[in-house]
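In what comes next, subunit A is part of two complexes: it sits with subunit B in the first one and with subunit C in the second one.
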Partner chain A sequence: MRPGAAALGETLARTVVLLLLAFAIFGPLANLVLWGFAERWYFPHKLPQEFGLTYWARVFAPRGSALASLWTSVGVACLTVLVTLAVAVPAGYALARLKLPVRTLILLVFLLPQAVPNLPVYVNIARVFYEINLNGTILGVVLVHASHGLVLAVWIASAAFASVDISLEEAARNMGASPWRCWTSVTLPLALPGLIASAIFVFLESLDEFTGTYFVGVPDVTTMPLLMFNASMGGNYQIASITALLLLVPSILFMLLVERFLKADVLAAIGR
Partner chain B sequence: MTTPSPAPESAPYLHADAVSVSYGATQVLDRVSLSVARGELVALLGSSGCGKTTLLRAIAGFVAPTAGRIVVDGRDITRLAPEARGTAMMFQSYALWPHMDVAANIGYGLRMRGRPRDAIAKRVDEMLKLLQLEGYGPRPISALSGGQKQRVAMGRALAVDPSVLLLDEPMSNLDYRVRLELRHELRALQQRVGIPAIYVTHDREEALTLADRIAVIDAGRIAQLGTPDEVFHHPVSPFVAGFMGADNAIDVVRTGDAWAWTPAAHGAPRARAHFRADRARLAAPGTPAGQGTVAVDGTVGQRVYLGTVYRYRIHAGADDFWVEDAERRDEGAPVRVLVPPDGLLVFPEAA
Partner chain C sequence: MTDRRNWAGLALAAPALSIVAVFFVAPLLMSAVLAFRGTDGGLTFAHFAKAFEYYSTDLWFSAWIVTLSTLAIGVVAIAIAGYLTLGEHPRTVAILRWLYRWPLFIPFIVTAQVMRTFLAKNGMLNHVLIGSGLIEPLQAQSLLDWRGIVIAFVWKQAPFVTLLLAGAMAAIDRQHIEAARNLGANRWRVLFGIVLPQARRTLMVGLVLSFVSMLSVLSVPMMINPNSPTMLTVDIAYRINSHGDYAVANALCLMSLVLASFGAWFYLREAAAKKAEPK
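Let's look at the complex of A and B:
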């Protein structure tokens, strides 16, 4: 084969692979968009017969269940972030200042519950929460979400603190700062980008969480994923698609933010 | 262990009294005693891992001594928290806070001391002027060169009027030229402010040019404490001699009232004689040695060009050493090395 033809073949192969990849990523999204604006779409038609905004109006109706569940989701996610950070910040700092082998061991132990299948764990949690009257409460859902987000949050927080050079803290102490002032004026501001990133991850995890919410929250707490589930189970693909598209908005926004906040030195320290 | 050195002119301001530090089973400092007078600069000189930085950190309060006392201006600070000691440390990595600008870095210590805002601003301006950094106040740390960072670290340390200035190899991350310049600036500044200072370094030249006194540290103990001149010209042990640059060593025996080189072991009482590469002279074989001069017969080995002179590796019996000479010589040529009596540092062989 001539060199020019070889190069052409390579370019072609690359283009095909890229197109397939793009389809794998954007194909399902395109389907969501189609369903979001479809008024009527019956088999065997390849495209909706009628487009419109009726379902959007229904979702955004002042008394619609969709908006209510959106606020529930956001509220639960915010509370989850607070609860998680309250644990992850001190834990992450303590871990970051431990010697390396000990730190790795503890982080691995933290990771262990993730190896257990989620479903039986949630069934058990639901049972326990039922007995202590936490089932169907916002607090119960927040606790389930926090237990889920904690692993990631502690990992990222400990990496964020570990990337703060200890001599920066020593310099602060040396200049007359008490341990607490040293922490608030040097350690915390320097670790803040990593902590914000971990907060965002926890927020998004909580927004997306389905299984735990299903076992602990139903029927009193309805978050967006639960609403979406109910809608699609009831054959209402429009509502389900619109909900999914709405859930995409914070995800994309925050992902862009995370990319700005998570610096290379923090990423490099994760899990170390 | 230590030679009697001239007592500091004023009473000791900082006094470390038999300070020991251990990490687990490892003893890092073994009963080290050191006094520093007001305005004096003492260099702790030693190779890495000898304990010099540990002593500095013990004074700053980052390492707890297992035994001994540290007293500053009559106050026992051995068990105080770092922030209560009033020392100021300059770190090897500068340890400037990247999320604060230059002015905030310099003013940090004063903020922690609760000084009013305008007093801090005034002091920061003073420091910037003193360090020739006028106008740099609002700059971020990341926009500074190494030498400028060094100056800001200096300003941060001096802004609080510290009781003691502790310097942990502060120049080791700088270019040679910047280092030379800053070294003199630092010395002038320290003398002007009159703060006692301890300067940790592994650089012999730095210690010699900066310090009023040098403490050579070896394996957690002070091997010698004295003025640069004393330590350089009258090392008390082979270790100090070697560390101060007299790292050529030959076997000698006493013959009459002079020393003579012994190519092989004799029955006579032997000693080790140290000398510097630039204190010996190369001559033709058979050149008569003057009174007291030690003659060593050997052959020329490796040759290194240093610019003004050549440095030759000389093989003589069991001994190998370096001698500097202006003349170009060929490898393998027989040669006589002449070491004058005032260039010899003789240490009796340890029994």
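Let's look at the complex of A and C:
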């Protein structure tokens, strides 16, 4: 083959592979968007027979169940972030900066939730929560989400504190700042971007969490993923797709922004 | 002073540690106890016998699905990360880098809903295949069985492993690659002889994390393939919701823990060693 033809063939092959990959990634998403705006779509029509916003109106109807579950989800996620950060920030600082007795054991405890399947945990938490009347309460769901999000939050916070230059803290201390003053005006502001990243991470994870809520939240706490699941299993693909689209927005925003503030090795367990 | 700092560190970590202990480690131990405890409180293997009798097919089905998905994720991740590292066409590399990561943070449950409509008999995949003349309308079939589960898993997890792997490959000393290229090695040789061996551990960690999380995903098998044979997670939810049978459910849970344990052991060893390194 002539060199020109070979180069052309290679360009063609590259283009075809990229197009196939683009279809594999965006095809399913496009299908979801179509379902979100379909009024009627019956077999064997390739596209919906009728487009419209009826189902969107139903989802966003005041006092509709969908809007209620949106607020439940956001509320649960905010509370989860508060609980998680309250315990993850001191723990992350301790891991990054302080000497710890039985350090390896503590590391193992914080790594464990990533390394074992979570389903057995949820099943048994639900059983205990049922006995102490925590099943079906916001508090119960927040506790489950917090224990799940905590681990990543600790690692991200630990990395944030480890990246603060220790000589800056020493300089503040040498100039007579108290340990607390040094922490609030040097360490904390410098670690803040990492801590915000971990808050966003925990928020997103709580928003997307399904399995734990499925066992612990029933029957009273219906978050967005649960609403989506119920709609889909009930055959209402429009409501399911609209809810799925709403859940997609924060996921995709985070994906587009993530490299600005996070290293790849902490991105393990989102959206289980 | 050293002692005091020791205890200060422990006190700061204590709240987080106790949450993990109470809401993660304790339920896990409870699962192991309940799986072996009979109605009289004594040791029994009856729950396991029942679990095996009813669900051994699903045990193998789960193991097979998750293993196959993990292998497929590995292949996709190596292909994409490899091209991102060694590709010589800058625009293709840029497009690929932008393209592959879209499913990265899409939760499993949304993936399940997306695939449930995309892979159905009247879904977009079949319409496109028919429209492009690749298959006849009568050949259209639903992929909502084990294939659907594998496709959903690979679609969701491959970007994550690719992200990790591409990061590890980018950290490799470029001189190694240049040297091999100058000695006349082609790109395949460079990928499998030089780049991949150095990024092997990162690849393994990513695959293990995917393996473990796929084992405990409930939404994907429930929404794509809820009928037998299906995955253990669906059986566990069924035992609890329909029978209130925590004993057999916990026996099934323990089986999935055993499936995961090999990977978990590898991950804990790697990650603990890495985090314990002096900074």
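One rule holds in what follows: the second predicted complex is superposed on the first by the 240 of 272 C-alpha atoms of A that agree within 3 Å, B and C clash if a C-alpha of one lies under 4 Å from a C-alpha of the other, contacts with A are read in each partner's own complex, and residues count from 1 in each chain.
One rule holds in what follows: contacts are C-beta pairs under 8 Å (C-beta built on N, C-alpha and C of every residue); 3 or more make two chains touch, one makes a residue touch a chain.
Small disclaimer: the values here were computed from a predicted structure and weren't measured.
**Q** Output check: A:L190 vs subunit B and subunit C. Expected answer is one of first, second, both, neither. What do you get?
**A** first
**Q** Using the superposition on chain A described above, determine whether A:P90 touches subunit B (first), subunit C (second), both, or neither.
**A** second
**Q** Touch check for A:L53: first (subunit B), second (subunit C), both, or neither?
**A** Neither partner.
**Q** Taking the superposition as given, does A:M233 touch the first partner, subunit B, the second, subunit C, both, or neither?
**A** After superposing on A, A:M233 lies in contact with subunit C but is clear of subunit B.
**Q** Regarding the shared-chain residue A:L19, is it in contact with subunit B (first), subunit C (second), both, or neither?
**A** In the superposition, A:L19 touches no partner, neither subunit B nor subunit C.
**Q** Using the superposition described at the top, determine whether subunit B or subunit C touches more residues of subunit A.
**A** C
**Q** Is A:S147 touching the first partner subunit B, the second partner subunit C, both, or neither of them?
**A** second
**Q** Which of the two partners, first being subunit B and second being subunit C, lies in contact with A:L248: first, second, both, or neither?
**A** second
**Q** Output check: A:L112 vs subunit B and subunit C. Expected answer is one of first, second, both, neither. What do you get?
**A** second
**Q** Which partner does A:A171 contact after superposing on A: first (subunit B), second (subunit C), both, neither?
**A** Touch partner of A:A171: subunit B, not subunit C.
**Q** In their shared complex, at which residues does subunit C touch subunit A?
**A** 2, 5-6, 8-10, 12-13, 15-17, 19-25, 27-28, 30-31, 34, 89, 92, 95-96, 99-110, 112-118, 121-125, 127-128, 131, 137, 155-156, 160, 163-164, 167, 208-209, 212-213, 215-219, 222-223, 233, 236-237, 240, 246, 249-250, 253-254, 256-257, 260-261, 263-264, 267-268, 271-272, 275-276, 279
**Q** With touch defined as at the start, can you tell me which subunit A residues reach subunit C in the complex?
**A** Per the touch definition, subunit A meets subunit C at residues 14, 18, 21-32, 34-35, 43-44, 46, 86-88, 90-91, 93-95, 98-101, 103-104, 106-128, 143-144, 146-147, 150-151, 154, 162, 204, 208-211, 214-215, 225, 228-229, 232-233, 237, 240-241, 244, 247-248, 251-252, 254-255, 258, 263-265, 267-272.
**Q** Could you list, by residue number, the parts of subunit B that touch subunit A in their complex?
**A** Listed in rising order, the residues are 60-62, 81-83, 86-89, 91, 93, 95-99, 108-109, 112-113, 156, 160.
**Q** Would you tell me which residues of subunit A are touching subunit B in their complex?
**A** On the subunit A side, the touching residues are 165, 167-168, 170-178, 181-182, 185-186, 189-190.
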